[in-house]
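You will see subunit A twice below: alongside subunit B first, and alongside subunit C after that.
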Partner chain A sequence: MKKIVWNEIYNRLENARTAAERGLTPSHEEKKMILRARAKILAQAPKNKESTETHLKIVKFLLNGEKYAVDSAFIREVCSLKEITPLPCTPPFVLGIINVRGQILSVVDINKFFGIPGKGANVLNKTIIVHTSEMEFAIPAETITGVGYIARDEIPPLPPTLTNIRAEYLRGMTGEQFIVLDMARILSDKRIVVSEEA
Partner chain B sequence: MFLIWQEFYPTSGLSLAKKHKCETEEKQIHRGDKMNFRDMKIGTRLGLGFGLVLVLLVISTLVGNRSMGKIQDEMNQIYNVNVVSMELAYDMLDSMAIISRETRTILLLEDFNAKQESSSKIEEARARYNKDFASLKELDNTVEGKALLANVENAIDSGKISNDKVVSLGLAGKSAEAVSEINRDAMPGMAKIEDSLKKVVNYQEERSKTRFNEAANEYTRTRLFMLITGGTAILLGILISWLITFFITRSITNPLKTAVGVAEQIAARNLRVNVPANESRSEIGFLIQSFHKMVENLREEIRQIMEGVSVLASSATEISVSTVQFASGAAESAASVSETTATMEEVRQIVQVSSQKAKYISEIAQKAMQVSQNGQESVNETIKRMDLIQEQMASIAESIVQFSEQSQAIGELISIVDDVAEQSNLLAVNASIEAAKAEEHGQGFAVVAHEIKSLAEQSKQATAQVRRILNDIQKATSAAVMATEQGSKAVDAGVKQSTEASESIKTMANTISEATHAVTQIAVTAQQQLTGIDQVALAMNNIEQASNQNVDSARQLETAALKLDELGRRLKELVEQYQV
Partner chain C sequence: MPMQENKKETDLLKRLRSLFKIEAEERLKAMSAGLLELEKTTSIEKQTAFVEAVFREAHSLKGAARAVNMTDIETICQSLESVLAILKRKEINPSPELFDKLHNAVDTINKLLYTAAGGQVPITKLIQQLADLETGKQTSGTTTEEPIPQLQISFPADPPGHDTGIGTAGQDAPDIGERPAVSETVRISTEKLDSLLRQAEEMLSIKLALDRYVTDLQDLQDMLGRWDKECAKNHQAIRTGKDNLQFAKLLEFLDWNHNCVKLMESKVNTLIKLTENDRRSIGGNVDNFQKNIRKALMLPFSSLLATFPKMIRDLSRVQNKEVELILQGSEKEIDKRILEDMKDPFIHLLRNCVDHGIETPAEREKNKKPRCGKVTVTISQITGHKVEILVSDDGTGINLDKVKESAVKKGILSEKDYNKLSKQEALELIFQSEVSTSPIITDISGRGLGLAIVREKVEKLGGIISVETGPQTGSSFRIIIPVTLATFRGILVRAAEQLFVIPSTNVERVTRIRQEEIKTAEDKELVSLKGCAVSFVRLADVLELARQDNKDKSSGYILVLLLGTAEKRIAFAVDEIVCEQEVLVKSLGKQLPRVRNVSGATVLGSGRVVPILNIPDLLKSTLKINTSAGTVSAAETLSANKKLVLVVEDSITSRMLLKNILEASGYSVKTAVDGIEALTALKTEDFDLVVSDVEMPRMNGFELTSRMRADKKYARLPVVLVTGLDSREDRERGIDAGADAYIVKSSFDHGNLLEVIDKLI
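Right, the complex of A and B next:
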């Protein structure tokens, strides 16, 4: 039978407690190290000089397993998606409506709009609000992956497998396999407008 | 004897013929039986031979007897009839003479009374001859005799008349007339009577002579017959005797010789001898048959005896071997008995030791009893302690659960931090977008936005790490709770075990108590055993004596068995001399 060495246990507990107390208030040296590291990072010049003239700023996001990217020019803002109110008598791609600081916006599922069978299991807790002068709606997203740049003239073409109906709404594919949406065309598409008569 | 019979009983001719007939019949019977003469028993043979002689003798006797009877009849006739008739006739003559005389007396006398007396005398004489005459008539039955008697009667009747006339004249006194009368009638009448009577006498004499002659003839014949038959019987007897002797001797001696030969062979111990078959039903035949049976039986018996003797010999050998073994066994058993006696002494010592040990064990058992009581108390104490441990385990589990709940609270806090980081991230994206809108003026803002984004990501990573650590803590607490549960169960098992131990100790205490009791009994028993062993030792001494006697007996038996063996061998030799 293994004998319990209580002193050792008490020592270990004591160490843990002191470590925890110290962790909450970093020591002077630690503070210095952290600050120095930050200074170093800040001191570095930006690696790639992507100017707005030559490069397109894109926001990348995930929706039901599909990787998409949107030109930041069409993005008003990104925010968290809290509560979707389902709307009757609307096409399936319209998930419902949301209230963003007093403004009512319709939520359009890009996958369903493209006719891609959505998995629908993931929690859509983010939304990207896209707009033109005429049209404005919210695209739900699982995760906002981040912001990136892509050369305007060198957007890689779509792989031949994706040349179907939605090809007309797509501009190409980044090196990281993000499908770049042609937001201008989507926003101007008549099909997305829900006609009262229809 | 035979000759005397022959003398006394002469036989008649008639009997001779009959005798011959009988003899031939006898011979025929004899011949008829001759075929089976050999089968006849000797007694029968002898009986037959002498029977024949006897028959001859019987015939001779019968015939002789018969002839004798005849002779006697003749003699009787002569004596009783003829002689008596003659006497009667003479008596009548005498009466006649009396009558004549008295008649003359009457004539001569003058006295009437005397005359009357004579007349009565005449009457008396007349009555006498009448009576005689009646007797004569009765006696004589012959025709000739009767004729003679009738003459006499006639003569008497006529004589009587004339005589009566004379008597009446005489009585009247007329003697002259009476004399003339006598001369004329009475005298011739008287002569006539006398004559007829003499004739009767002569006749009777004649008859007597004839009869005597007949008797003499009969005698002569019978004598001859007797001589013949007697002689024949004697000759026959001699012949038959000789034949019987010869044949019987032969019929007896020949088979007897065979029997003797066989008996000699048997005496010479040869039982292979062939006994000739003799189907004869005579004694000798039976003897030979008996010999045959006897030889067969002897053969069978000798064979059986041989087998028996061989069995006896082998048995005797076995007995001899067995007795040797028995003798050695008896010696061994005597030795064993000695050893056993010694062993009994050892056992006695052992029992003494065991008695002491039993007492010692009894004390130890009492000590063990005390120890088991102490053990019982200790176990009860252990159970109490175990209960305490159980309570402490419960408090440990409670503490761990509280710890787990607190780490859950940390998790909630972490998710708030996470949320904040997420919001910061979104804000950074928005800031970046806004910076892009502001173009060149937003350059610096874009850097700040990037910085904020990086911070947000860092905090997110940190929260993720904290979440992982929290998960680990959760797992560790679960493990701790499980360990505590196991500990609790172990304590339960310990309690149970202790209870069982308590029970076991209780049982042990009882067992020890019983053992103490048993050991006490063992001590008592050991004491009794000691007594018993003493008795056994005494008995062993007796057995020792008996086994020593046994050894002696075995030696005697051995000698006897050797003798028996020798006897068997000799018997075997003896029996083997027989040829079977």
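Right, the complex of A and C next:
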């Protein structure tokens, strides 16, 4: 059996104790250094970080198999979509009307407005209310996939395969292949307004 | 940090500017009203008072403008002040030209107010004109000891360091003496009031929801009662044969069961009582609250009518007519939203009066009438809920033959019926869209849409409109509208699995008929109700809904609502009549300003949204279905091929502008620089419409139009003349040449042009 060297053990314990104490309460100088280093990191201007001046804040959503994104500047609110009341004598892209805290809003299926047959009839859980001072309606969505940023002046253009009828309403496509809608254009389009007499 | 401060400052300025806008609007209104009065009055004493009033407004506005850095407005006010100061000292004589310039100044300020920060409104010319007025006085009038600048000393300008915060408020100071020191009113932005009103109206749904709760609770009460009864019965039955231990346990359970139900029953009872009480008190409160909020939003008619004297003045000056507008009863109050909706009808009617009704002074004198025509607007309260608006003129009256001719031309009236029409029936035609007595479309009128729009708006508000006319005595339009947008009663019906509300006022009768009672005559289905044969349609068909073919109605009866007015009644079949209840109309939102057959929507107690049907529309749609069965979906086939428009314009800027505007609106556009080139272009392609400038080198617009009209091939091609010439002669030249529309550039907004083109092709 090996002999226990008690002194050695005492020494090691003592060292461990001072080390532990020092670790918990660093000296004044050390504190300053650590804080300065942290401050430096925090003070650094975020590189490539999105700011509202250079970047567009977009809300991404899915609608019948299409991936879309909308400039958040045009979004009044996002809310859950309960019951849509269908409205007779309106074009097919008007899905109906909903009640948002006492205000009636129309629900516009942009796929149908663009003339694209949606892939399958999925449950529309959410709605994005888009507006300008002259126009306001709700866009239905299966899910909202999140919020992102995209550089204002370099929105990647659409791939040539997408230059169909709706191209005039689109601004480009993000890296994750979300189609960025030109909401200003859509909201001011006269063709989206239903004004018809009997 | 400095960035933030900057932002704060700009925020403040933004807020101040929006306040300034409100203030400026009021002051400008007062100024133009003052100028109008000034022009009208002949009493020296009154003149002085009006000059003084306008002067003070201009001065206050100047100060306020300086406070928010609106230098252009400040400069104009400054010049205005100087001119008014000389006018005050009677050193120049008020002349129509002077007033034109003063009005122009007020208009320019108004324009500046609505131009975005970056926008430009040229003001140098105006300032020069105003300065000329001053100097004009100095050269012609007697030289005065007191030069103009001194005058400003008597109205000391605010020191430059004077800060923005109190600047605008402080400017009210010169008005003391006119206003009571403590105002009895508080200024609240209408936006805030609107949202309050919406909330108040939303409370109606709480009231309706409570109704539902009470019924639900009552159902529960019934159920519990039945359960209790059943329990007691069985309890008794079991008690009689007690010989077994198991029965004892069962009895125990039943006893507990019994007590439990009793307890629940009493709880439900109290709940019902409470809910009922609540419903009663909340119901009363909601009604009162709504009534009061609605009252808060009542505005006097004058708040709308005040803008019209200026409009009439401008219109009549453009047309070289003399017209006086007399407003009576404009202190009557009406719901702000109704008043807003009545703005367009008023404008249409008043324009009609000036444009079609009132004759030129020469003509009037020939007919032994006073030179100056009179247009009167009289508002009178006829019942607690309704007002009558009478818009009349003492002009030539409506030419019924022209109305009938136009109706025949547009295919609304058949030649056969032309002579059969009674005077009143012929008069009714003017409310049809596309009927116009004017031979040409101008900026102001002639599109034949005005009166159709007026009637539509009035009917939408639940009002009625009628017209009377006599040759040389003028015409008068009588409108009766409700004072408040009250809730109304509606019948909730089901058709093709969907719910709809039909306003009870339009329902003459609700009844049921047997399938056999439906007769067919000339492809139309008829039913006989109380001895009268009326056409019969299914509501689902009129609304273009897929018909549900479940004819397993056990009773074999069909539910029918007789809708319409005395002359025009149609029986509509529905699947179910749910109930009659109070409903509140809400608009369908900005994207759906006008939907066929639907006038709005309402929210039920359950939170469910239900469309409200537009009965006049339904009646019209029914006629269409009956006449052309099967073409219901024809409206959906939008023209895929774009219309081709030829733009003829010598200025490159205007040409490109027109091209862009038209292309943006979905037209294909070709251009030509003058009439000759246009004629060449016409030969190469088939155009749908020509938009042409008037003044052009080589061949002008009039000549182009006449050349086209002379050629059989282009005789029917629509021509729109767009021009800077705004005179009666030119417009008549346009008519002579055969143009379909004549639009003046000065009031050249694109909406107008697009609307005209849209109408023509």
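The rule is simple: the second predicted complex is superposed on the first by the 147 of 198 C-alpha atoms of A that agree within 3 Å, B and C clash if a C-alpha of one lies under 4 Å from a C-alpha of the other, contacts with A are read in each partner's own complex, and residues count from 1 in each chain.
Throughout what follows, contacts are C-beta pairs under 8 Å (C-beta built on N, C-alpha and C of every residue); 3 or more make two chains touch, one makes a residue touch a chain.
Please read these numbers as outputs of a predicted model, since none were measured by experiment.
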Subunit C versus subunit B on the shared subunit A, clash or fit after superposition: fit
Partner chain in contact with A:192 - subunit B first, subunit C second, else both or neither: second
Touching partner for A:7 - first (subunit B), second (subunit C), both, neither: neither
Partner chain in contact with A:99 - subunit B first, subunit C second, else both or neither: second
Touching partner for A:177 - first (subunit B), second (subunit C), both, neither: neither
Touched partner set for A:44, first subunit B, second subunit C, both or neither: neither
Which of subunit B and subunit C A:80 touches, first, second, both or neither: first
Subunit B versus subunit C as contact partner of A:25, first or second or both or neither: neither
Winner by number of subunit A residues touched, once subunit B and subunit C are compared: C
Superposed arrangement (fit on chain A Cα atoms) - minimum subunit B/subunit C Cα distance in Å: 9
Shared contact residues on subunit A - subunit B and subunit C: none
Subunit B-touching residues of subunit A, taken from the complex the two chains share: 42, 46, 52, 57, 59, 72-73, 75, 77-80, 126, 144, 146-147
Footprint of subunit C on subunit A - complex, ascending: 83, 85-91, 94, 97-99, 101-106, 108, 134-137, 190-198
Residue numbers on subunit B that touch subunit A, as the complex places them: 422-423, 425-426, 429-430, 432-433, 436, 439, 447, 451, 453
In the complex with subunit A, residue positions of subunit C that touch it: 198-199, 201-202, 205, 433, 456, 498, 543-545, 586-598, 600-601, 603, 607-611, 614, 616-618, 620-621, 624, 635-636, 665-666
